[in-house]
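The chains carry the letters A, B, C and D, assigned in the order they are written, with residues numbered from 1 in each.
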Amino acid sequence: MAVITSLAEAVAEVVRDGDTVAFEGFTHLIPFAAGHEVIRQRRRELTLVRMTPDVLYDQLIGAGCARRLVFSWGGNPGVGSLHRFRAAVQDGTLEIEEYSHAAMANRYVAAASGLPFAVLRGAPGTDLPSVTPSIRPITCPFTGEVLTAVPALRLDSAVVHAQRADRAGNVQLWGITGVQKEAVLAAARSLVTVEEVVEELMPMPGAVVLPSWVVDRVAHVPGGAHPSYADGYSVRDNDFYQRWDAISRDRSAFEGWLRDLHR
Amino acid sequence: MTYTADEMMTVAAARTLADGAVCFVGIGIPSTAANLARRTHAPGLVLIYESGCIGSKPSTLPLSIGDGELASTADAVVSVPEIFNYWLQPGRVDVGFLGAAQLDRRGNINTTVIGPYSAPKVRLPGAGGAPEIASCCRSVIVVVRQSLKTFVDGLDFVTSAAAPRMVITDLGVLEPDDTGELVLTSLHPGVSADDARAATGWPLAVSPSLSVTSPPSAAELAVLRSLR
Amino acid sequence: MAVITSLAEAVAEVVRDGDTVAFEGFTHLIPFAAGHEVIRQRRRELTLVRMTPDVLYDQLIGAGCARRLVFSWGGNPGVGSLHRFRAAVQDGTLEIEEYSHAAMANRYVAAASGLPFAVLRGAPGTDLPSVTPSIRPITCPFTGEVLTAVPALRLDSAVVHAQRADRAGNVQLWGITGVQKEAVLAAARSLVTVEEVVEELMPMPGAVVLPSWVVDRVAHVPGGAHPSYADGYSVRDNDFYQRWDAISRDRSAFEGWLRDLHR
Amino acid sequence: MTYTADEMMTVAAARTLADGAVCFVGIGIPSTAANLARRTHAPGLVLIYESGCIGSKPSTLPLSIGDGELASTADAVVSVPEIFNYWLQPGRVDVGFLGAAQLDRRGNINTTVIGPYSAPKVRLPGAGGAPEIASCCRSVIVVVRQSLKTFVDGLDFVTSAAAPRMVITDLGVLEPDDTGELVLTSLHPGVSADDARAATGWPLAVSPSLSVTSPPSAAELAVLRSLR
């Protein structure tokens, strides 16, 4: 059963040094506040996992929390590059393991399903298997077709943001829900930050519900997705994403941002 | 009416989309072109975004593939695994619309790295949905600005073996010949074949029936500019 | 794009002699009216597919439409046996191919996903693989674990019932939605009968939407799920399920029921 | 207070479910027992039905695993593939509650066929969810009426290798010993070990510490009867 607690306590419980951890979110509902708390608590040696590492991951990488990144697309959506991520890869200070989106999504699905691997058609001709040895061929036992296998993406911890939880810790999110359900189900420990804690979850079109018994910690963090957004609560702060480009590009501007975060 | 090279490129890309087609759309110029098509000659165009939105009908252009407008105007919003497994992978999508950081003469795409993978000169965002968009859609159209930096003779990394039906640039249109090599088949108004050759990192083949792209109509430009 | 047409025309177009066809529904939204039209049109040599063949399949089998049944649980839910199904299996007049629910569900998922097979943990110790040779072992290329592979369940035709369609043929269903989406996506041709055709589909909690471009025919058949039910439109006619036991048990009572259907 | 043997069986089954446990429920007596537990000592019991309903809280007993009441009172309703893949298969479920047409001395279950598979004497409904409920839940409890027809020495077909933690019948309770053979560990009030032996198709082992099941309390019976 999920325990409702403060963000600081929840992060301390759920995200540990050396964890393989995903802060998932597909543009929408990105758990920025929880990620910032991880920076404040100076977590180290994390293997960060995400399909679309974006500004939050640029921040975590720049702050020195990450040893390794497992991902499929790392950029500032609609703006350009992530300069802390780019610098860390170019300097060789960040190990990377990369896939296509389809492969990453299916790695989560396999882990959520309790399977050791997933099968997909894959993409003939791509150089990805030459740099990511865990993209392997697999032969269909019925047709003899050669397809692609990827290993399950099991997580130590998963952090997501949602619109609502009830007092029992059942969680509800809607809009673009991405791979958040899969990430939580793939993790040994999970934390959900929410816009609102309500008496009762009312059914919503398109809602995904995570029952309390698959969630470890819930923290009430209104605005916890900013500069990302929470459908029904906030809109995406596109200006911040644009402004991040300059902060991220310049190491000293980034250090200033980081000092402000720690203050 | 004056227009920019990017506007010409976007209009040319939009025209390739038939009404009723199902189109898997990346962000940026592909999304602009697809939405332009939907507002002009192809009102029944079905837009699919990898964030899980099927049949989105945004009234303004999204900045990202996960903007709220894409979800709230969609016929259905599904999970990210589902969009790849149930909708893209089985070949239900007619057209995949892709961009590129580098492109070779066969239309292979690099969005991963400039320089060696293990010692990158420039690390790019990576594959995203592109490898499977390239391999699973019935046809692929690449929309990309043409330059020596982009149109290279040998990729540093093949992210997606796109084999596009068409590459639409700010200079013209390229289509594969029987061997799969891209051939210049149309030039946008005011562009010469030499301009295109000068922006191409390999000896660019030119079609004997090279045509000139129709310039953007006033209606096309008006809709395009209203989308911003 | 889906064409909205009469039930008789839709069935004639979509369900053909010799088809591998699923009329899916998990207690809820079972397309009885469409199945009855198939009986009236005297379709023959069908391979009937369904996780839970129930009274409708008892009727189709008793009426002589089926050559073969692919399934995982054949009974009258909460009542008992399907006597036409049982008699046909015991007489050897119906070929069968059977799986567990988990295997059948994943066979649909594989077909909907354009894959030739699916992987599941499977159930050690069951005799099912000894009678169903397409349940085969598969080895994980990463861990060496032995799991279970089953082939994709590709259909010639799928028939489902839904609450609503709009005039463009987009379909919306909610409540217990079972494997209906997967069945439609696994089929070369599909027919959806609906309670209501509306101007615009309003978002509903828990709703699954099938876009018009993956549906071939929509037919407006209010009450088309009876004696099953359509959440928001009708309740399950449990009395009919109870009464079916006596009709099905007695061949002449069944023949009487069939004559009434053809009338 | 008088009660039937089925009521004793249902109450005994309900008592095995701890508060807060997650229980995958088949229809019939397992569903009745699980709902009785939820209304008595285990208000936090989580009921999962294979139709896709998670956390159902029905006020009346469903006739089928797909009754509307199961969906409308659920915390979440998911697709049938999802219930098996994301919820059952990874071992998230504490207790699987199964019935049986035949059961052998190791707790293997047959719900497929009586007689040879290819020439059946009686064709039964088949496997349904049982094989994976048996293999994926942390523990399995079988609830079944005890008789020579049901408790057989050798199954015609092994549908599910259940290896139950407990078998609860209308006569008593059986639990596996160290070798996995079911041993009679409790008798319901008024039932003798000989009664149980006479309803068992193999030489039934009896625990040296054989106990007597506590009869249904007035409160248990009242709630059970109110569920009908």
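Everything below uses one rule, namely that contacts are C-beta pairs under 8 Å (C-beta built on N, C-alpha and C of every residue); 3 or more make two chains touch, one makes a residue touch a chain.
Please read all numbers here as calculations on a predicted model, not as lab measurements.
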A-D or C-D - the one linked by more C-beta pairs in contact: C-D
Per Cα centroids, the chain farthest from subunit B: D
Rounded Å distance between subunit C and subunit D, as computed from the means of their C-alpha atoms: 28
Geometric centre distance via CA averages, subunit D-subunit B, whole Å: 57
Averaged-CA centre spacing for the pair subunit C and subunit A, given as whole angstrom: 38
Cα-centroid distance, subunit A relative to subunit D, in whole angstrom: 40
Junction residues of subunit C, two or more chains touched: 109, 114-115, 120-121, 181-182, 206, 208
Subunit D residues counted as touching two or more neighbouring chains: 85, 89, 136
Pairwise touch network: line, ring, star, complete, or other: other
Chains touching one another, given as label pairs in label order: A-B, A-C, A-D, B-C, C-D
In the complex with subunit D, residue positions of subunit A that touch it: 1, 109, 112-115, 170, 181-182, 185, 208-211, 213-214
Residue ranges of subunit C touching subunit D (in the complex, touch as defined): 26-28, 51-52, 71-75, 77-79, 81-82, 85-86, 89-90, 92, 98-102, 105-106, 108-109, 120-128, 131, 175-179, 181-182, 206, 208, 229, 231, 235-236, 238, 241
Contact set on subunit A toward subunit C in their complex: 114-121, 134, 136, 138, 140-143, 145, 147, 149, 151, 203-207
Subunit A-facing residues of subunit B, complex: 27-28, 50-53, 62-68, 70-72, 77, 79-81, 84-85, 88-89, 108, 112, 117, 119-132, 134-136, 157-161
Footprint of subunit C on subunit B - complex, ascending: 20, 22, 44, 46, 54-55, 75-76, 85-86, 89-92, 136
